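Common to both upcoming complexes is chain A, partnered first by chain B, then by chain C.
Right after this comes the complex of A and B.
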């Protein structure tokens, strides 16, 4: 009886993820900070899985960062989303594949609002028509791109070249995951496994041979906070939140952090550098950092994609220790090369992020 | 007010602040009846690092007391929330203080109250950065304006990316500032025109004008304008921790 009740509750958190024909909605932060991840996602869907996904040049930002910074009325946000839906309708697609977790939260919030307050949908339709002459159909489904990779994780595993195992010891690598807040905290039913037991990332890690570490602050926010990061004077807030997470995961000695939100990936990467500079504190072995990867980068690595095609050289915390553990073959001399192998120099604090000065310094 | 025959008509009273908040669908959705259990405060990351208590936000607005709501609209308090929406997951009554905050911040800016607080004044800098990006580029963030001097926390690798962005983005298969689809493609003028028209029709343009006008007035009052320019005010609100 008890078991049946649990199964019923769990059924609420099993998400329907479409199999094919996606309309791709790109992410502002992912395009800027992790451009190789979006490329890898398209490559995996098209080349590895044989799926159709439309990359429309006419779509734009969802404006979610400005909205959550309270610069835009909700009506504006809804109308911008309605325009994206109109483009989908025009192109003949019904399943939105959303790259950004903030955008995913926004589309989810808008669609839920329209169910509860139909007058809001009517207003959005009218505003869109007046502004652009466009009309739309409500999408059949809106999924985050991590949902899609999760959906096909076993097919990816079947083509796996590298495993999430330590090549020398044969033991599974220890990975910690961080789920972006707007993936399922607002609408738990829209995330695989809900808000507390999200398994969209842990499912991938386990399917590809890794071990997922549960740590106390697993569900704590990375601290982005929109206005709390974008304004220089407020950045103590995001770094404090990320620091809380690092302190919580440190005792478990993770080999890597994996995220589904591009903002979280960026912060968990960059704040390790900041904390190193400010406090002389690092969270990885031998005074290095913990590599932070997007799920697309992780999927690309296990499929054998070149780490420098994936854009791992754009991370502040060096990912090479993880590549060595996995036994990923790559040419270090290509790390800092541009188009046609052109030498692009190297960052001032290159190769491996390593803090040599234990004493605190001011940034 | 008198009619032509001299009969006094009662003027329709202006909406109270609470009624104005109720005009915002997010407020309706975010506040049903708070029982003050404090679960939202227990889970709130902002409550951990700031003198901030989402439970009290619900208490204050639920009081319907005009003076208390106005004080809130002029306060630092409403600007602490980080919009993670963890409160939404946890509230046993289905409330969401994060959504109440959205409505309060909107009204604070509509009424020009936001310039009374240091954190409220930061809206000017946010507007300058984000809205410029959206209307000129079609993105909230763009490499051209993500400049290392304003983002030292991004570290030396981002500085290297920024300085070599054309070659590096190209090597990663991006389509930086070029026609056609792809990562960081150029958003065409007609598309930007549609975004701009959406801003006009949906009230964003008028709302942003209000933020701009109130900020300019505050900049003058603070002596932070140079021949009408807002550069000093921008840098002040962007960097200063002084109250």
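Right after this comes the complex of A and C.
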């Protein structure tokens, strides 16, 4: 593969990413699944980069889950988005920083719809006014938070404490990236590097010393379609999607997977356990899994943040093998301690990949 | 019979050369401008022609013999810098500093091939074993064996039709016409060179419009066992061994399809040439929505442009085969002759 040829494609998809003064639009599920990620993002922006970002408690879900599950009409969706924009306008911000890839796709879809069909924007304004008495300005920019980390990746590299290199061998770690489908597959121009060879995550990995593996099913969806996974009977479909990806990346022996979408991170992390239980198959060395990290967690790690502050203990697949390779200092006894040393409890199964199948047990 | 009138032909490909030689034969003073240092256009890069496998060099040689007769002037590495019109005469300024007068101008600036890198999902220029139909033609023309990037014989080859044609995403809605039969021709040539290889053609429709094209298509299936799958490729990825994983939907069986191939050939379409677009700007010519130059009437005036005195020949008006291009050039010559003789009302 001619990696340098990708640069030509990247040059065609340079998006404007603001430098400062962001209005933060959180994900509705990330704080439960990967509780340290959003906090790490705020910490990096405020403390490391000195940027202003407003974390407004008044904002809500984008309702993308309901929209993509056919429970909510577009009119309601765009009115909810209009309310977010009204809050943003009221707070004096013009640049939306969106934590979730689904939400990023939702806001992008709505803004593009308003460009093509101004009557829809008028309708949203009217509905919002009737419901809340609020008005709004269309944001100057809507970027995904991974865009912002990408934008400042070199400044993060300048403050880097740990590198994406194997501390013992000195070789770059092999990371595979997984970009959420709604990041740029709908609007390639809104993703850094486009849709086919997006560089938003690979750019971070390379800036921090790692090597990105381009594996055959890199573009494939993780399976996190709301209409599939919300219905239990359909969950075989999402699992099979993720399994396809694991099978494809396995020969490259990745040290970690990095994602920018809440759903993808969850699926690629937790389905490894499910597949282990169902089939006795694991994808990491010695019956382990492949650690799955959000880009904020990765950024936090290279900046030297405590892995347990980043919430890595909440991952299904243990991240310790990656921490050891990077040489990250951490106290194992603090893994399941919360703020002020509060005991968080431990997983029922101490080793997530101690697979129950007899044939696997003999491994 | 020597004529007093002058004609400038812009573009020295097969259409430009043919129309110039005919007009020169009718006694006109013809100057043909060619921006490169070689006449013959893109045919110089082609190996064999459909449907009969004729050497493309036969055609370029035939046209060069006409040039060698020196009945008209050929200015190579010369392009048009500016145009003015005074008293019905065109004054054409070239990049070399010449000012040419013309009673009529022929635009024969041809086409460009679709840039396959624009179909990013197919990985051309990124994946090691993805080539275009033009690349394949060049390999065959040079007599090189077909091989993978690692020097092995391809065991499975896929031809992908309609790359950059009939494609909303790439912005080219038109059918490029010649790629279907080019794909069949190249698949047969590949089968001849790699008799043990499995060869697949992924198509949307097969438009075998020319005489004997359908026979060639049948021959490809019956004699060379080439498999035609109706389905557009969704994406290609590179495997660890640099082979390619391709995904498509077989729309006849209604099932998604995934296979590994050693070599993938993208049948790139014809798009309006950059030089054609520039001529449209310089001469104020109307264009079709697809960007090709608009002809005055699709049935009765296929060589006239929207500007009086400017005539069109060949693929600057749309995708054409070699024989259609030559015929279009000949009809342009007759049309210009009639016009300059006042025979067209």
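Things to note:
Note that the second predicted complex is superposed on the first by the 339 of 363 C-alpha atoms of A that agree within 3 Å, B and C clash if a C-alpha of one lies under 4 Å from a C-alpha of the other, contacts with A are read in each partner's own complex, and residues count from 1 in each chain.
Everything that follows uses one rule, which is that a contact is a pair of C-beta atoms (placed from the backbone, for glycine too) under 8 Å apart; a residue touches a chain by one contact, two chains touch by 3 or more.
These numbers come from a predicted model, not from an experiment.
In the superposition on chain A, A:197 makes contact with chain C only, not with chain B. Contacts of A:251 after superposition: chain C is touched, whereas chain B is not reached.
Look at A:214: by the touch rule set out above, it reaches chain C but stays clear of chain B.
Of the two partner chains, chain C is the only one touched by A:5; chain B is not.
Chain A is touched at more residues by one of its partners, and among chain B and chain C that partner is B. The contact surfaces that chain B and chain C form on chain A in the two complexes overlap at residues 195-196. The part of chain A that touches chain B in the complex is made up of residues 26, 28-29, 31-32, 35-36, 38-39, 55-58, 60-61, 63-66, 68-76, 78-80, 83, 105, 113, 116-117, 120, 127-128, 130-132, 181-182, 185-186, 188, 195-196, 220-221, 223-228, 230-241, 244, 270-271, 273-274, 309, 311, 313-316, 336-339, 342, 344-350, 363.
Looking at the complex, you find that chain B touches chain A at residues 24-26, 28-29, 45-46, 48-50, 79, 81-86, 88-89, 96, 102, 105-106, 109, 119, 122-123, 125-127, 129-131, 134, 138-143, 146, 150, 152-161, 164, 167-174, 179-185, 187-188, 191, 194-195, 197-204, 207-208, 211, 237-241. Against chain A, in their complex, chain C makes its touches with residues 117, 120-121, 125-128, 235, 237-240, 242, 245.
By the touch criterion stated above, chain A contacts chain C in their complex at residues 1-3, 5-6, 8-9, 194-197, 214-219, 251-252.
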